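The following blocks contain the structures, represented as structure tokens.
One chain, subunit A, links the two complexes that follow: it is found with subunit B in the first and with subunit C in the second.
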Partner chain A sequence: MSRLRIGVTLRVVGVLVVMGIAVFPLYWMFVTALSSNADLFAADARLLPDFSELGVFADALADGEALTWLRNSLVIALGTTVLSIGLGIPLGYALSRFSFRGKMLTAVVLLLTQMLPEALMVVPLFALFNRFDLLDSLTGLVLANSAFVLPIVALILKGAIDGIPRELEEAGRVDGARPLTMLLRINVPLIGPSIAAAAVIAFFHAWNEYVFAVTFIYAPETQPASVGIANFIGEVGTPVQTVMAVAFMFTLPAVAFYLFAQKYVVAGMTAGAVKG
Partner chain B sequence: MTLLEQRRAPRTEAGRRRSPLGSRWTPYLFLGPAAIFILLFQGVPLAQEVYLSFTRTSLLNPTNSTWVGLENYVDIFGDEDFRRTLRTTFVYVVACVAGSVGAGLLVALLLNRSFRGRGVVRALVTIPWAAPGIAVALIATWMLNPQYGIVNRFLDAVGLGVPGGAILDSSTYALPAILVTTVWQLFPLTSVVLLSALQAVPRDLLEAATMDGAGRWWTFRAVTWQVIKPTVGLLALLMTIWSIRRFELIWLMTKGGPVGSTETLVIDLYAQAFDSKQLGTAAAIGMVGVVISLIVIAGSRLVTRAAEKEGLR
Partner chain C sequence: MRTTRVRRAMVAAATAAGLVVTAACGSDSDSSSDSGSDGGVTTLTFAASTFGDPGRGPKLQEWLDEFNASQDEIIVEAASVPYPTFGQTVLTQMGGGEGPDLVRFDMPEFEAASDAGLIAPLDDLVDVEQYDLLEEPDRFMVHDDVRHGVIFEASNYAMFYNADLIPEPPTTYDDFFATAQSLTAGDVFGLAFRQTEAEEAGVWQDIFNYVYGFGGAWSDGENLTINAPENLEGLQAYKDLYDANVIPRGADAATFRRMFAEGKVAMELNNGGYATHLRAESPNLNFSVAPIPFPVRSQGAILAPIVINEASEAKEEAATFIQWALEAENQAALQEILGASSVATATERSPESLQDMPFLTVFDELTETSLPQVVLGFEAQTPDIRKIVVQNVIAALQGDVDLETALDTAQEQATDLVG
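Let's turn to the complex of A and B:
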């Protein structure tokens, strides 16, 4: 009996430790944002947030710079989501429902894109965007980000369409519906959760993206939050509390959205990208 | 992986017949826009990088390339710094894979029991994976700050403090610090995927093994491990490929320093292109990374096939 007790206790302690490790850095970001200067540099660290410092969030947004960053990130992320889902649904459908020459090749190419580092593609994409006047523009970043996230989106959606019985389409066939109609009327409504998962992945891929943004954007007014926040690292002019407040506001939507959509994201990832 | 798996699967659904409706061009109409898009933004740039890797090209005058054949490759492999980069990459990747899969498995086993509040715990454990890499690099750098960082304060308090506290400025401790940060970010994904794989372990088998008096370790190896082995393999492959191409976390925390101790292939390639302005050398380094990833993928396919044949016999 006592052995069982010890086992249960160990498990509870283990769960608490894992939870603490998972949550602490983000908690610490919050605590740092809400610290007075005295606490921040005191000999003994203050482990709890000081809610009388809540004004830091308003201060961080006051000069409008951080708001511009967040708005740019939002535009890039929304654009990437729409474009990659728009291209990914038909691609996933083609891979799931048709057999055609070059299907194998398409599949292999999609997988190979998963091993191309962004840092390698930065130089040629820079040259390409330079020629088409897409540097320093949010459109350029939407295009680059979509190209990188599209294969994952397409694989998730292909997996989802694989799971829909073909019989559902048979009825449509008898009625003489065209493939596009069947895709939009029959498949798309049924794979809603997977589309949501793919959208979350595409959105936050673009929201978090850094390499392309830091290389392709010069003007402060087109800069997304990832670059703005990264510039804080190693810089000493801005108060730590302000930096952490901006970073927290940048992180919170990503975390909140994942928690909200977790079930679908995990199902989509495991179905599409991992298990197949 | 998905589609490659499917090729070996018996051809049922997708492969059975040509689409009865629509001409034989129909699939290409669905495929076309995405294919053109990927070709333009991935295919063409990759081809350009392959070409660049055989040239001497400066970032300052990129249109003016001189063909030098294999010279860049000969040069980098003759360079002691690059060989150190390869070793660092190897250590980083192996440690990331072992760390993230190992930690993920431990957490998955821990959470693979029903208890009150499990949903909340599972959700909270997802946080590191959901947090943007930039924010992770920022908070990690702050937590590791030599004077005010909580990590140093804690280490000092338990008597393990690094002299001077400058973990990220130490060629001994910077790489481990980056590794811990990377594993912290990855373990939620591996644990969630492994947790769902664990649902496939037959309960009656586990119970039977326990009834027969088998120890926990034996039960794990004989039953659980056999079921989750393919998932572990796939995760290891995914983590390997991701770790070879990981950039921002390392770049923002140390830029590859101090004295190259955290310089992986991708960091080296970026520094060559934008600090040394040598696009040819940078491209060659990138190609080495791509070829290594290809070898890893091909190798894992061979292992999977061999394992399957073993199973058939």
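Let's turn to the complex of A and C:
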């Protein structure tokens, strides 16, 4: 009994330590946002937030710019997620289930695209987007981010579909199902957790993306939060507390999306155990 | 049952997200930073990293508003480009035939842009003969008899010090070192400078003062002299201060400038633009300015030209704005905003400014001995040479290699680069 209790206690402590490591940066942003200038550079770091400084959040939101940035980020991230998942599912399915010439090459090329840094793509993409009048638009950023994240989404989903027994599809084929029907009715429900995981990757990629956004967007009202926050960094001064306040608010929607998607990842992981 | 629920939730999520994307596509900004004409009014965009400064940015915006109110044919809007990636972003946009109509560049990017043909020649657009331009900084605006820019801001480097901590500023390097050491205790540091690769441009600006202040130079105008003995001496002085732990290591400029404003840093070398910022952000701070106490009176200067994007469709209108900016009263107003910096033309400092910042004359007296932070003779390649030099100097700071070897390596790499 006592051995069991020690085991549980150790596990709880372990979870708390891991949670602390994960949550501490968020907490530190919050504490920094609520620090006075004197506290910010004091020898002894202030570990608790000073709620009398709460006005920094109101100041950051006062002119509505920060909310516009957050809205733009949300649109870009959701758009990228939907588009990359929408295209990644059939691409992953084709790579998993169909035999065609150049299949291996396609997979390798998809993998290689992940090795190209974004900075390398900025100039050619800029020229392309200029030609198609996609600069300074959220649609352009959704396309750019989707192009960048689609390969990894497709490869994740290919791996998930690989794991589904072909017999299930054969049974469907006997019942007269076409490939699209089999994909949507048989495979997609079974790879829900992988779709959720891929969605998290796509969302976070687009949410945090900076290089494309800062280059392709000119108008302040179209900038996402990643660029908006960087705007606070001035040549001779930076309002640290304001930056931290906006950065803290910037992290919250991403955390919320992760919690939403994580539910489906966990649901999928436990589904097998219930069915036996 | 579970599968159905998951599918329904996914469909619902996808539908909701799709609606958001659709709405987004509909709400895409139809404004562009490119010049646009609407009802006879031409809208220009003006990109300047100073618009983001908490102290000077709002005042510069008011200055733009004055231009917009002065006539009804042109509107100049501030383009929002973050300072950390300003040069890279704007150069990419201009290279792609887009970007702001007007740009305030720093010298390395100005040189690179003019060399690449991204800047419109001003000779036929602005008649500079009618303005009393300051000769020393203005000579850097002309390449092969073609004018590419007009000085927007010229700002000399000097030594800022906390007058509560340092009643008498040091006048020699040894004093400077000793003062920095004696004041470093607990959470107070005697000095601060940039020392990380993340702030490549800033490190370049800082080490420039050490190199030129010890009699060195990055080139003789025809050949690179990165590993010259004087450069080694100057950079050794910089490294000695780093090794002596008198600076907040790892702190970026934003952090240590706030520390200076809070009395946690006693000295830093900075340009005149900083003075106005400090006055606006920390009105109670008792600071002053003195020449940099290095053996040779030679220091860097921020020269920031205003230029017209070659890709702009409204060059005439952009030139109209530059002409307005060069008018005496608008130069005086700009001078007041920029504080210790100079502008394109000779202006009188107001008695109010001199009373508020008596040290302004220190900056003015340094104009003759200040140099733009470019490699003379290799102006267009300065950003690439800067990267090589900064990488090698930081490697030496971190103890990966000795300083002499680092400079030899930088000399070799940069020579290979320029051919």
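The criterion applied here is as follows: the second predicted complex is superposed on the first by the 212 of 276 C-alpha atoms of A that agree within 3 Å, B and C clash if a C-alpha of one lies under 4 Å from a C-alpha of the other, contacts with A are read in each partner's own complex, and residues count from 1 in each chain.
Definition applied: a residue touches a chain if its C-beta (ideal position, glycine included) is under 8 Å from a C-beta of that chain, and two chains touch if they have at least 3 such contacts.
Note that the structure is predicted; figures quoted are calculated from it, not measured.
In the superposition on chain A, contact is made by A:V122 with both subunit B and subunit C.
Look at A:I186: by the touch rule set out above, it reaches neither subunit B nor subunit C. Of the two partner chains, neither subunit B nor subunit C is touched by A:L67.
For subunit A, the partner with contacts to more residues, out of subunit B and subunit C, is B.
Shared-chain residue A:A230: touches subunit B and subunit C both. In the superposition on chain A, A:V75 contacts subunit C only, with no contact to subunit B. Once chain A of one complex is fitted onto chain A of the other, the partner contacts of A:V142 are limited to subunit C, with no touch recorded for subunit B. By the touch criterion defined above, A:I164 reaches neither subunit B nor subunit C.
In the superposition on chain A, A:V15 contacts subunit B only, with no contact to subunit C. Common to the subunit B-facing and subunit C-facing surfaces of subunit A are residues 40-41, 122-123, 127, 215, 230, 232-234, 240. Within the complex, the subunit B residues that touch subunit A are 1-7, 13-22, 24, 26-31, 33-35, 37-38, 40-46, 48-49, 52, 59, 62, 107, 110-111, 113, 115, 121-143, 147-148, 150, 153, 184, 188-189, 192-193, 196, 231, 234-235, 238, 241, 244-245, 247-248, 252, 266, 269-270, 273-274, 279, 282-283, 286, 289-290, 293-294, 297.
Taken in their complex, subunit A has these residues touching subunit B: 11, 14-15, 18-19, 21-23, 25-26, 28-29, 32, 40-41, 45, 87-88, 90-91, 93-100, 103-104, 106-125, 127-128, 143-144, 146-148, 150-151, 154-155, 158-159, 162, 166, 173, 178-179, 183, 204, 207-208, 210-211, 215, 225-226, 229-230, 232-234, 240, 243-244, 247-248, 250-251, 254-255, 257-259, 262, 266, 269-270, 272-276.
Residue ranges on subunit C touching subunit A, taken from their complex, read 2-3, 6-7, 9-10, 13-14, 17-18, 20-21, 23-25, 27-29, 31-34, 45, 49-50, 52-57, 79-85, 89, 92-93, 95-100, 186-187, 253-255, 257-259, 261-262, 264, 270, 273-274, 277, 281.
Here subunit A touches subunit C in the complex through residues 37-38, 40-43, 74-76, 78-79, 81-83, 85-86, 122-123, 126-127, 130, 135-139, 142, 188-190, 192, 195, 214-215, 218-223, 227, 230-240, 260, 264, 267-268, 271, going by the rule given at the top.
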